[in-house]
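Across the two complexes that follow, chain A remains constant while its partner is chain B and subsequently chain C.
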Partner chain A sequence: MTDPKQAIALRHLLLLTLSLTMVAAPHAARLPWWLVALAAVLAAWRAYLAYARLRLPSRWLLPLIVITATLGVYFHYRTIFGRDAGVALLVAMLGLKLLETRSLRDAMLLIFLGYFLVITNFFYSQTILTALYMLACIWMITAVMVDLHHAHAEPPFRAQLHTAGALLAKSVPLMLVLFLLFPRVPGPLWGIPRDAFAGVSGLSDTMTPGSLSELALSDAVAFRVKFTSSIPETRHLYWRGPVMWDFDGRSWSVPRFLYGTPRFTTGSRPIDYEVTLEPHNKRWLFALDLPGKVPPRAQASSDYQLYSHEPVITRLRYEMTSYLEASYGMEEGRYPIRRALALPEGFNPRTLELAGTLRAKFPDDRALVGEVLGMFRNENFFYTLTPPLLGENPVDEFLFSTRRGFCEHYASAFAVLMRAAGIPARIVTGYQGGEVNQLGDYLIVRQADAHAWTEVWFKDRGWVRVDPTAAVSPLRVESGISAAVPLTDPLPLLVRGDFEFLRQMLLTWDLMANSWNQWVLGYTPERQRQFLAKVGIDDATWQTLAAILFCVTGLIVAVLAVLTLRQLRTRVHDPVKIAYLRFCSKLRHKGLPRDPAEGPVDYANRLERLRPDLSPAVAAITGLYISLRYGTEADVTGLRELRRRIRQFSA
Partner chain B sequence: MYAALKNQLYNWLFQLRGPETGVVVLVQRRVFILPTRQGIAFAAVLLMMLTGSINYSLGLGFVLTFLLGAMAINGMLYTFRNLANLRVTGGRALPVFAGDTAKFTVHLENGSDTDRHAVGLTRDRKEAAFVDVPARATAPASIGIPAARRGLLRPGRLTLFTRFPLGLYHSWAYLQLDMQCLVYPRPAAPGMPLPPAASSVGAGIERGRGQEDFSGLRQYHAGDSPRHIAWKVAARDQGLFTKQFSGRTETELWLDWALLPASLDPEERLSQLTRWVLDAHAAGLSFGLRLPGKTVGMAAGEAQRERCLETLALFEAAS
Partner chain C sequence: MTQKIEKVVAQVGGIILGKERQIRLAIACLLARGHLLIEDVPGVGKTMLAHALAASLGLNFQRIQFTSDLLPADIIGVSIYSRDTGSFQFHTGPIFSQVVLADEVNRATPKAQSALLEAMEEHQVTTEGETRRLPEPFFVIATQNPSYQIGTFPLPESQLDRFLMRIHLGYPDNEAERALLQGQDRRDLLEGLKPCMAAQELAALQQHALRIHASGALLDYVQELVNHTRRTADYINGLSPRAALAVLHAARAWALMSGRSHVVPEDVQAVLPGVVGHRLVPAGEVGRVNGADVVAHLIKQVAIP
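Entry: the complex of A and B
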């Protein structure tokens, strides 16, 4: 089966169908049902035709199916470009190509498409498990490729798996070198389709009651943090994200325009750490309150939000410095203050009334803040993930009737009360706390750790963080969300602290996933530069990299070539012959080589003429050799004798 | 000038030195390798995968692309290894009639510990015979070459090639083995009867060569039936002799060039003579062959048939 035009056998077709199904299987859940059905029908049809030895469908049918499938994809996705539609089309085309596969050439094209389909799986998942599964797929596809190129007699498929496995295993060193040294350029090379990074969860630029409690149901990792020194206490771990100023009576939002430059005075020593942020398709970068520097290709707003220049669509690593105690916003201007006091007309009247009463009672701002926190703490407020739904005046309803809420309810109610009482206030969203992975000594912050708190402005102190949730449920801030919400609330398993053994296993797994993220998925141009600097190559340009890569690749290929071709030498297995060849090689070194066509007797005769002095030894060895090699009996003592004589022989 | 240079280059590059006798070892210098069309397509796919990985920053995409790239490089070594260091010997080709297909057999000996798979032998790149050669084993590969004309047929340059295991590379070696196949003239259509047998000179029992009674030994000629070789004599190291037998022959059947009508051209005459030789042999007759300038004596049997056919095959008409 090595002629490209030769028809392929049923066995090959079935193996091909099987391996392609393996690769396409993870896509099935993401594709519309009719497309999965179409691909399955096409594959089954082709297998049936091969099994029954029927003719393939006529040529005009295929374009018809192509057009139908393309239209279907267009109506489902409203485009035929982009990630999802592209994958859908690829799967449909794969089924069609399978249907019209006749020859080895077609089969090879299918194999290549199969490899390509593997890479499309990585758009959706790049976990260790995906990688292992896809490795199995590649192994399978490669074995099918080997099977296709066997001649008529086909050994069991196990042999092909063995060949393919050996081939892939021997490719690993070269793959590693290419992976580490191939000059990386920062992507993307061209515009990425908009849907490429859809479906990632994270904080958004608005906050309505319920938006954070929804996030709390997700145990997806938001970011991981590696501290240079020890990890601060949990109650200090406020990860600052979007800051919200504008309230429309129901939801808070981040202002579109930012003004001023950030300025702060430190009150404590700096804390250095490195954040590895999971892609969330927004521009925020998260940092410990209060961020003391701006990562590269990012900027800071006057309210200390960190913005990347581009939406974070790939895992991003940055080094940060923060100050747990710092004062900022001392010289806040008139407009920001006015903005931090604005409240919409006609909403939440009872809250405004309460604020008026409190203001009359406590002329001092700090006393007023303390009173409200005391109210949260002492009255019948509950912290829960499943608060009742709120209607037209959510703050009123929350403060005076339901009194059950998640952090966004408390933050919102508190900020509205403050503004109504004439104290500038704003909402800060982000994450609070995190889970320490002792194994890798880093902190995992999950979406479930999403949090909202407030900042109020005092004339003499600037902006001060006040977390009303801490007043209701001190546990939330000290021990994390799982300790704070009632046991009946539907928290993800990873966040809840039960099943210690399982938890340890999952933490080990997260450590592996983290290393995987850092070294495999997050091997960016910066990471490559770091790695090269570590092995002593500083400031590598792509030219030097290419030169190094070329040399190392050449070296590895040379070693592989030697290892591969060494097996080709004709091996001598007969110990008698091995001994005799040693004898010949001794004579060769003395300038008396044996002619390739010369038998041992002729050689001995010639030696006798040339070197009469050696004659007795040569005659003895030759006689012994002939009797051992061509005689009928296996003679162990004779062999020992031959070896001894040859060892002692010297020309 | 250019053509001559190109020829020189080819001869140097592919080490074309004319027919070789004995065992040909496919040393690494004699094995060539180039990517196939599929190999180039695979490179294009890899390039696409690389750009995709860069564009979408797919870490695993890089891993996959580089793994497949490394595999392709390794595959080159595998394909080369599948052919290199094979020992090739030309086999004997049995004579055929013109118009038939001559079957040339090449013996591939694999002295290494690695199995060789799907090694193809071809002459014109259209048809190929594939064989597997297991480790430390020998396997024959046969190729059919149409024998158009009588005479000696040489296979010319044969190509031993392989694409195993991935089909991304085509590795090949040229073989110019000293092989030849004797091509007998194509027998004419049956129809013309055998010429009348001339009565023997004298009467009674004539000594002739038959198969019944042993009558003596003569020097061995190529083509004598091995059954008639005097093996006992050969065992005494006195050379090869063929046993001769006497049979009863009343008549002498001479297949004579001159008996054929002058209207036939030489090749047609040879065809007719071939037909007669076959017919006479089939009838178990003793016969002789007379060609201008060449005569094969009276005899019968397999050896006689072969000797006559060989004479006819190699006959060169005086111009």
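Entry: the complex of A and C
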């Protein structure tokens, strides 16, 4: 093939630089700016050197840049290992390698680096868009590789793209087989560090005023739910998450895991559904209030939080059953009740005072709850995403001066009032509502649907859900957040839904993304087992999988090889040639094959030497063949004669 | 007709012993109206071949010894003021001859070389605004020492391309060498050569060569060969369309000499080493592989369609 030491042409270098830039581009947003600038400068420098036909920089300059870049990466990430630092180093080295790329061999190395860089992009994002973009990148890189091996004749790059496309198309069956049969590893890609999902948003184990309203600005999907039967009304859709007991005067927090067997009695029929939870780097699993079972590899605390055994860092799917009406916590012990009444000393004095007044007025717990809800409903309280900032005594300030708040303000104020009045109360955070995607008949719950409500404890009823937000803004619970907050509030576009057309498009997109999640990204060991069972392979171990994999792969390669070889064989249409080939094949069976590059005269001469007995027949046939195929006279009788002679010929 | 060619082959073969194939190629080159480049070490009979060919074909012959101080005027001719007529008179140079032997063409400077090569291409010479036709037939046999010898200006690829064929004579085999040593003096033999055909007959043969039939299947083969050199990375450059035409012309002449009215693939294979050996440079191993091996490889690679 092409000489590996051959110098690389300008066109190849530019194409190579372009394709590598394409692959590395998504990383630019995640890398420190100086590194992006360095890589860009190195690439531009190399392109300029090639354009101006200047010499490449000397051998001592490159190590200097290598050391500088490595130090820079180390000081930025405090390590040179792990995903982020590794990718940063890789991009820097890519630019440097470009700068010492002289020959075809170097260029090939860069091509393979490019393929590897494609993989690194999936460390960060595995959406359809990323996959499509990376597919385009692979196409481009492959085309450049094809181009590199065209030493002189320079066909237009379109032709290379065409060749590369055909190559990739041929690899599709292989890709499918590898995808379906390659033994699956549970969890994310091998050895991805835990920091991979450090930046994801979601509910946390503390709640301060403003933490949920911040979350409401994100239209990221929290989870998707597919119900077995019809989707319940929005006002019933309380997705239970972290439960908060402890209040320090300003923020609420989740206690350490509360052991105990949750027990409940149901008042309605079960609702079955399947949740696909987006990774949020915490352990909570969300379920409709009240969860009736515990998913595998998870456990429930006594306050009905579902905890996964390890943080959810990959998309997780679990089946759930819930009861919309259930009573629980009747036999709550002394310690939990005391915990549900605790208030810090010296905070929110006016609230405590108000609670005292109310308590004196309403000795009955239920009447008191009703009175407070009535206060929220009838007095001048506003539900807004942009509440004013609160100071030292946030509950006091909220209740008596600002009176503008998001759900966490109302839940917090309500719980504090209850506790001050001697009614055990706790805060439940989670999500409320969700958007139905009619196209796929499933529910999308976004971060913007994050919600906080309270539970109060009555001696005869156990824990009862009270949502003070519903009192202030019934729309929030009935129709979702977009209907509830003022139009001027900065809700994400997706949640707002003012543009019906756009909304439909986005829902279609979400359906595609969901299918992608379920069938491509969600192809777990579990799913693989199900799939294999469906095609009749039960109890597949990785050994059987590997064996099947090799067999099927071998088969596909063989089929592709046969098809390719058939394409290479030129089709013969000339009847004279076909007749002659029959003559050759007769001789081949007698051990006298004709070399494809051997002309008829030479062949006949050789045959005459080897088999003088055949000489007359061979001479006649060869003479006829030559005059028919290469001579001027093209007559039908000649062809008939040739065919006759070949038919009669036997060696 | 072919009998006369056979006579020429036999006559020249009597002087250059054991080189029948090269002699045939040289004649095919002439019949295809191309020019011939003979590349070999001194003393293997390059000049002798040119001389014998010219004498046997009844053509007039001039020899130009190329040296490093040769000027274009030494080849083309020069205008000299004549006192008798009171005007400049053009004195034709050695190029105005039917067979021109350009001996050791790579010893001259590129300037002198290009004067010759332009004349070869155009079949005419232009000096001082006047164009003069060269005689017909016009056949240049250039000889070249292998370029690694001292004091040479190797012909660039673009100029090599103007020669229809390049052949090597090579050392004679033992038998031929013994016959050579035992035989008469070559110069005397050369003196005694008689033309085997008239100039008109040669022109007729050249015309005839053009009409040798090349079928579609044969053209397919030529195209396959040329395309193969363009597709693979074995060569630095693929063959040019001019090279393809040269292959076809030479193959026609070869077919004529073989007494056929049409070209067969063997004709193409026979002339291919001479025609493309100097046009194909193998990639990677420049200068190490000789042209004949490269072409033999090419022939093996391409199936006859």
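Couple of notes before you dig in:
By our rule, the second predicted complex is superposed on the first by the 561 of 651 C-alpha atoms of A that agree within 3 Å, B and C clash if a C-alpha of one lies under 4 Å from a C-alpha of the other, contacts with A are read in each partner's own complex, and residues count from 1 in each chain.
Everything that follows uses one rule, which is that a contact is a pair of C-beta atoms (placed from the backbone, for glycine too) under 8 Å apart; a residue touches a chain by one contact, two chains touch by 3 or more.
Not measured: the values here are computed from a predicted model.
In the superposed pair of complexes, A:149 makes contact with chain B and with chain C alike.
Of the two partner chains placed by the overlay, only chain B lies in contact with A:109; chain C stays clear of it.
Judged by the touch definition given at the top, the superposed model places A:117 against neither chain B nor chain C. When the two complexes are overlaid on their common chain A, residue A:416 makes contact with neither chain B nor chain C. Of the two partners chain B and chain C, more chain A residues are in touch with B.
Using the contact criterion defined above for the overlaid structures, shared-chain residue A:524 touches chain B, although it does not reach chain C. When the shared chain is aligned, chain C comes close enough to touch A:599, but chain B does not. With both structures placed on the common chain, the touch criterion links A:564 to chain B but leaves chain C unconnected.
Residues 1-3, 149-153, 570 of chain A contact both chain B in one complex and chain C in the other.
Considering their complex, residues 1-3, 6, 149-153, 570, 574, 577, 595-602, 626-627, 629-632 of chain A touch chain C. Those residues of chain C lying in contact with chain A across their complex are 213-215, 217-218, 230-231, 233, 235-238, 261-266, 269, 283-284, 299-305. Against chain B, in their complex, chain A makes its touches with residues 1-4, 104-105, 108-109, 112, 115-116, 118-119, 122-123, 126, 130-131, 134, 138, 142, 145-146, 148-153, 163-164, 167-168, 170-175, 178-179, 182, 184-185, 187-190, 192, 196, 313-314, 520-524, 557, 560-561, 564-565, 567-571.
Those residues of chain B that touch chain A in the shared complex are 28, 37-38, 41-42, 45, 48-49, 51-71, 73-75, 77-78, 80-81, 84-85, 111-114, 117-120, 128, 130-132, 136, 162-167.
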